[in-house]
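As structure tokens, here come the structures.
Shared between the two complexes below is subunit A, which has subunit B as its partner in the first and subunit C in the second.
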Partner chain A sequence: MTRYVARRLAFAAFLVIAVSSASLVLARLAPGDFVSQSGSTQVSRAVLDQERARFGLDKSIAAQYRDWLAAAVRFDFGYSMQYGRPVRDLIPERAANTAMLAVTALVLATLIGLPLGVITGSRSGGALPGVIRAASVVLLSMPPLLTSLFLVFVAARTGWLPISGMRSATVPAGGALLDLLRHLVVPAAAIGLPLAAMLERLQSQAMREVIDEPFVLATLARGVPRSRIVWRGALKAALRPVASVYGLIIGTLLSGSFAVEVITAWLGLGSLMLQALRTRDIYLVAGCAGAGALFLACGTLVSDLALAAVDPRAREMPAEQA
Partner chain B sequence: MGQLLTRHTRRLAFSVAIALICSGLGAACRSNTSSESAAPAAATRAIPRGGELLVSVRSEPRSFNRHASRDSTTNLVSNLTQSRLVVVNQVTQAVEPSLAERWTTADEGRRVTMTLRRDVVFSDGHPFTADDVLFSFEAAYDEKGGSLLAEAVEAGGKKLQVAVTDPYTVVITFPAPFAPGIRILDNLPIFPRHHLDAALKAGTIAKAWGLDTPPSEIVGLGPFVVSQYVPGQRIVFSRNPHYFAKAPDGGALPYLDRLVMEIIPDQSAKLLRLESGQLDMMTSEVSPDAYAPLKRAADEGRVTLLDLGVSRNADGLWFNLKPGALGSDPRAAWLQRDELRLAISMAVDRKVFADTVFLGAGVPVYGPETPANKNWYWSGQPRTPHDPAAAKTLLASIGLTDRGDGVLKDARSQPVRFTLLTQKGRPNLERAAAVIRDELKKIGVTVDVVALDSGAVINAFLTARYDAVYFNADKTDLDPGTNPDYWFSSGSAHVWNLEEKTPATEWERRIDELMTRQIASPDPAERKRLYDEVQKIFSEHLPMIYFVAPRIYVAHSTRVTNLTPAEYRPQLLWRPATVAVIH
Partner chain C sequence: MTRGLGLALVTLALLSATAAPVAAPHAVDAHFAGLLNAPPTVPHVADAAGAWHAPFIYRWQLANQLEQRYDEDRSTRVPLAWFSGGHVVRSSDEAAAPLLLLGADSYGRDVFTRLLFGARTSLGLAVTAALAAMLVGTLLGGVAGFAGGVLDDVLMRAADFVMVLPAMYVALALRAVLPLVLTAPQVFALLAAIFAVVGAPFVARGVRAIVRSERRLDYAVAAQALGASDARLLVRHLLPSARGFIAVQITLLIPAFIIAEATLSYVGLGFPDPVASWGTMLQEASGNIRVFADFPWLLSPAAAMFLVVLGVNLVLQNSRPERLRDDRGAGVKSVL
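Showing the complex of A and B:
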């Protein structure tokens, strides 16, 4: 198990370095830079050159990458040109916000999706399962981007919830925590509802398979109430295949949250990375990409460890298949 | 061309000329009232005091220091937190007193003696004196410091001389006769020496007041001070209790207690927030796409929609006219010809352009000035007719002919084709490039439109590696004398052939000569005549092709009052101290 964990950690480290290096080099290779990105046709080339030198953009790509990598191994990921702050200070703040959004969305999706999946998977007919299935199909066919636009529209029309941002400029009655929760509703629902639909479909399928198992039929024959079998025995058995896809869901969560963060102005890694890309803040781009890769690596690692704990065969599989 | 998206624009060169004439007679020009005193309606009704204004910006500032950045948000922050010696009234274009309460001129307008207000202190309570003015010029001109403000306060590419005669008097000497005169002083925020002197001495003025600076250290003479900055989310400004200007009733300004600048990159989110009352105003004009929903909201009384008239700026198409830039590319034989540009101007239907790009809310333009620039617009500007047949004939005269298949070919039988760069993510630019492509296809010219980030587009023309560009070419000042970098062949905004060592063409040499005289002449009529001649030469060679100038619309919530809307950005906030909200 130790060897397995070490192998997976090494892979995660490699992933982070590869992604952030590629991001830095690609951002640097693309035409334009932080200085020219300000959109002005007005400043002389001499002034622009002076600005480039100030930000170290006059170095060759190779020299810049070498310097960055040498510093990065000491956990110094450079300074953000835009914010004038170390990248390693900026990333954790935003990563925490993304994590808050992702965890809330995941909890929301789990609390909604699994019970609904049990209902649709355990009943063969009726209006309720039909409505749930239809809603799931609609939500599954809508990317989080559209869901967030729709929810933002609803919030704007009704005035029930803030449309964007994380906190109000003035702390309202009810306190800062309530204010944060109110701001969290739209982005968390935008990510969580499609995920809930996915979990509902998976859970429904798993339930249908379990419900036909001989042990369920035998329990029913012994006179145990159907609802008790469904919500205890069958649910427990049906959870295993659903639990195995949580690693994938974490990856989906992250990519989905980037788009939602931009629409709802949630101050997470996604909006920071977009800002960094727009301004060609290359060290920040590399930092955000690396943090995103770290999120993904950690998510899959946790998922793999959970799988390995319950299925010893997984420990023997090559890393890339695990 | 002044500075893009930086300082206020100016109009009415006649008023400047009158000022110069006054000075020539040795008359003291104005003694003044506060620049804020002309606020509309202020004298006739009570303006509500207090409250909070919620505005949106598209992106974060790059700095709190105008020496370091010229982006629109940094400029807006500077407008809110700093003051200038004089202010150009964006509605009347007159130069008004600000920190300088009066001035006199001598030596044909070359020497200006400015008397400063005595009752002024910075937001930290430190007194403002002439030494701060001197410091601000030193900071702008410090070559080691790398200030981006230097070019904005130069006359004909040369520095002004500034001398302090006493704590409340400065003498500014222009290096040569300069007709726009002290208008350019509106470009220079006055910074506190007591806070930034160390940075100037260290040659790091452009690094000072970055976004990591604690708000309490950002000290200014403007109506507001930065009280909180949440990266990526908002900047909160509170009223500067030491602000020097007074309301017409003698009360303190600004009227607002707080101004919150929300950073909202997404246009749809901004619109929804404005419509739903979660935002008071956007700091940029309403895009054509947003007009219809905002008009509905205005009709329902939820927002106020203002038509500010035709823009003073139109986006433009230009070709790479740098000699030899195309190397051995055989298209060089026709790509840099005047006839090609004249044919394009004829081939594009400006009505179709206005309907497609601005949904009908635009007027055709044919030269560098739009009808909004009433003082400098050349009424004799030829109106190029939409005539595709004549365009084809003109192209045939340079060997680009249609051999029956509807596609123009050059002498080597190669299709006439070029790449047009434009900025990605700017719907007006992208739509316009598509219209140009479609209109030119009708005369057999193939255009490959490539949309790139603004930095990539700018990089392409800075390095002269492009065929053609369609981009914003905003002039920040209506007086052409303040835009030498656009007009002079050696200018840094002479975009079709940047920073020429000597004029590449005879017509550019002639424009250089005319503009040199135009900038120096104290006679407004002579200046107008010279500029008309410049526009005539421009229309004959079309180094930049203009098609349509949009109408400018802005929107704000109904609770905002006492605004002084102007056509140029920030249309509703160029005079922030007088804005009020009903609360």
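Showing the complex of A and C:
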């Protein structure tokens, strides 16, 4: 187990370093730099060169990468040119916003998807499973981009919920926290609902397979009530295959949250990264990419370890060597 | 039943993309300067007095220039002209009262026309990229599964690495580091290449697993014993067993690529604006709250995307053979 944990940790570290290094080098190789993207055309070449020197953009790629790496090991990730602030100060706030969005969406998806999956998986006929299944198929065809456009449309038409941003201009009655929660509903639902549909389908399938097992029939024969078998015994056995997809979901969660953050103006990592890429703010690009990779690595690590803890077979055969 | 619905939706999308120049009432870049953000012209069959006529529309009359609100001019009926001027249907008075089945955008362009032409761009890109991903993925997966050893390790580790990253960010970063302003054909080729890179590992992984397990089976050993070369064994005997899996993977990738194009175009890193694609059309909605509240017809590309993805999902859901559910054991299962 210790070796397994060590290997997973090493992979996580490699992921973060590789992703942030690659994005720094890529962003540096891109045509144009921060000065040419933001500067006015009325400025003389000498002034532009002076600006480049100030940001360290006049160095060679190798030298720049070496300096950045040397600083990064001391947790100094460079300076954002457009914000005029250290990257280290900018990232945590945005990363926290993305994490808040992603965690809310994941919790929402789990609370909706799993119980509904148990219902559709354990009953064969009836109106309720049919309705749930139809809703799932519809939601599976609405990735976060479409869901968020639809929810913003509904919110704009009805005026029930705020449609963009994270807080109102003035703190309304009920306090800042309630205000934030109201702003969170649309983006979190946009990511969470398609995810809930996916979990419902998976849980339903896993449930159906477990229900056919002899131990369920044996328990039923001993007179244990059906609802108790479904919600205790069978659910527990069906959870493992579903739990193993949580590690894969985290990547989807980040991808989905990008579109949603842009559409609903949620101030997260995705919108910051987009802005940084467009203005060629290379240190900020590397910082955002690194933070995203860290997020991803932590999520995968936690879900792998959780899986290894419940299922010893997962330790012998980690996901990447099937 | 649901499979039929799915097939119908997919066929409809492909048909409208192919027939766009004929099915659309206008040219893709036609502007109606007096009809900025005009609502859809609904075809009527009964006039205000209740008398019945052949399908006709009413002209939009600007009611409020500032708010871009329009009123129907009920005094004159404008009959529809069928099969005239090379179009299936259009208004008989194109200059004053054009047929706008899905309204007009902020430049006064017909949304319905652009939706049909946009299907060509969006679906064309998605299908091209999926085919490219299939080629690259099948080749790499086949070689990795066949060769084994170090090559297999290297290729599969690389595939795992790409798969673990959030696909949207990879596409975004790759797109953003290239010149920001490109022509439409350049964007098409570039996005297809990026999507192929992101999608190929999903194909490669499954193909590798199938090739690996099929290789040990008697028929493959027999072919080898009879002197078939490695290339022949791989291409003629082993890869055909992965056909079903590859077909399903391509169909799964197409909806993902449609959405990816829309996302990139929405944030301004996809096609340039005059090009009609579902993503560039949605861009109207970014930063303009009135689109959601007052001009909802501008969101019709989102509805089109939903219908296409739904169609693909319905077709897949009911046609996926049992052996494809778990790609790792697919080859073995089919034999047992």
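Annotations for the structure displayed:
Note that in this section the second predicted complex is superposed on the first by the 307 of 322 C-alpha atoms of A that agree within 3 Å, B and C clash if a C-alpha of one lies under 4 Å from a C-alpha of the other, contacts with A are read in each partner's own complex, and residues count from 1 in each chain.
Keep this in mind: a residue touches a chain if its C-beta (ideal position, glycine included) is under 8 Å from a C-beta of that chain, and two chains touch if they have at least 3 such contacts.
All values reported here derive from a predicted model rather than from experimental measurement.
After superposition on subunit A, the partners subunit B and subunit C are seen to clash. Within the superposed three-chain model, A:A156 lies in touch with subunit B and with subunit C [touch as defined at top].
Of the two partner chains placed by superposition, only subunit C is touched by A:M142; subunit B is not. Once the two complexes are laid over each other on the shared chain, residue contacts for A:L274 go to subunit B and to subunit C alike. By the touch criterion defined above, A:L48 reaches subunit B but does not reach subunit C.
By the touch criterion stated above, A:R85 is placed in contact with subunit B alone, subunit C being left untouched. In the superposed pair of complexes, A:R167 makes contact with subunit B only, with no contact to subunit C. By the touch criterion defined above, A:G292 reaches subunit C but does not reach subunit B. By the touch criterion defined above, A:L254 reaches subunit C but does not reach subunit B. Legend: residue contacts after superposition of the two complexes on their common chain; A:P31 is shown touching both subunit B and subunit C. Stretch 351-359 of subunit B is the one among 27-35, 171-179, 351-359 or 495-503 that clashes with subunit C after the shared chain A is superposed. Shared contact residues of subunit A with subunit B and subunit C: 30-32, 149, 152-153, 155-157, 163-164, 262-263, 274, 278. Chain contact summary for the complex, subunit B toward subunit A: residues 1-6, 52, 54, 59-60, 62-63, 69-71, 146, 148, 150-151, 206-207, 210-212, 230-234, 236, 258, 260, 262-266, 268-269, 272-273, 275-278, 423, 452-462, 471-473, 485, 492-493, 495, 498-499. Taken in their complex, subunit C has these residues touching subunit A: 2, 156-157, 160-161, 163-169, 172-174, 176-180, 209, 255-256, 259, 262-263, 266-268, 282, 285-286, 289, 292-293, 296, 299, 302, 305-306, 309-310, 313-314, 317, 328.
Looking at the complex, you find that subunit A touches subunit C at residues 15, 18-19, 23, 26-27, 29-32, 137-138, 140-143, 145-146, 149-150, 152-153, 155-157, 163-164, 251-252, 254-256, 258-259, 262-263, 270, 273-274, 277-278, 285, 289, 292-293, 296, 300, 320, 322. Looking at the complex, you find that subunit A touches subunit B at residues 30-45, 47-48, 50-51, 54, 82-85, 90, 94, 149, 152-153, 155-157, 159, 162-167, 169-170, 262-265, 267, 271-272, 274-275, 278-280.
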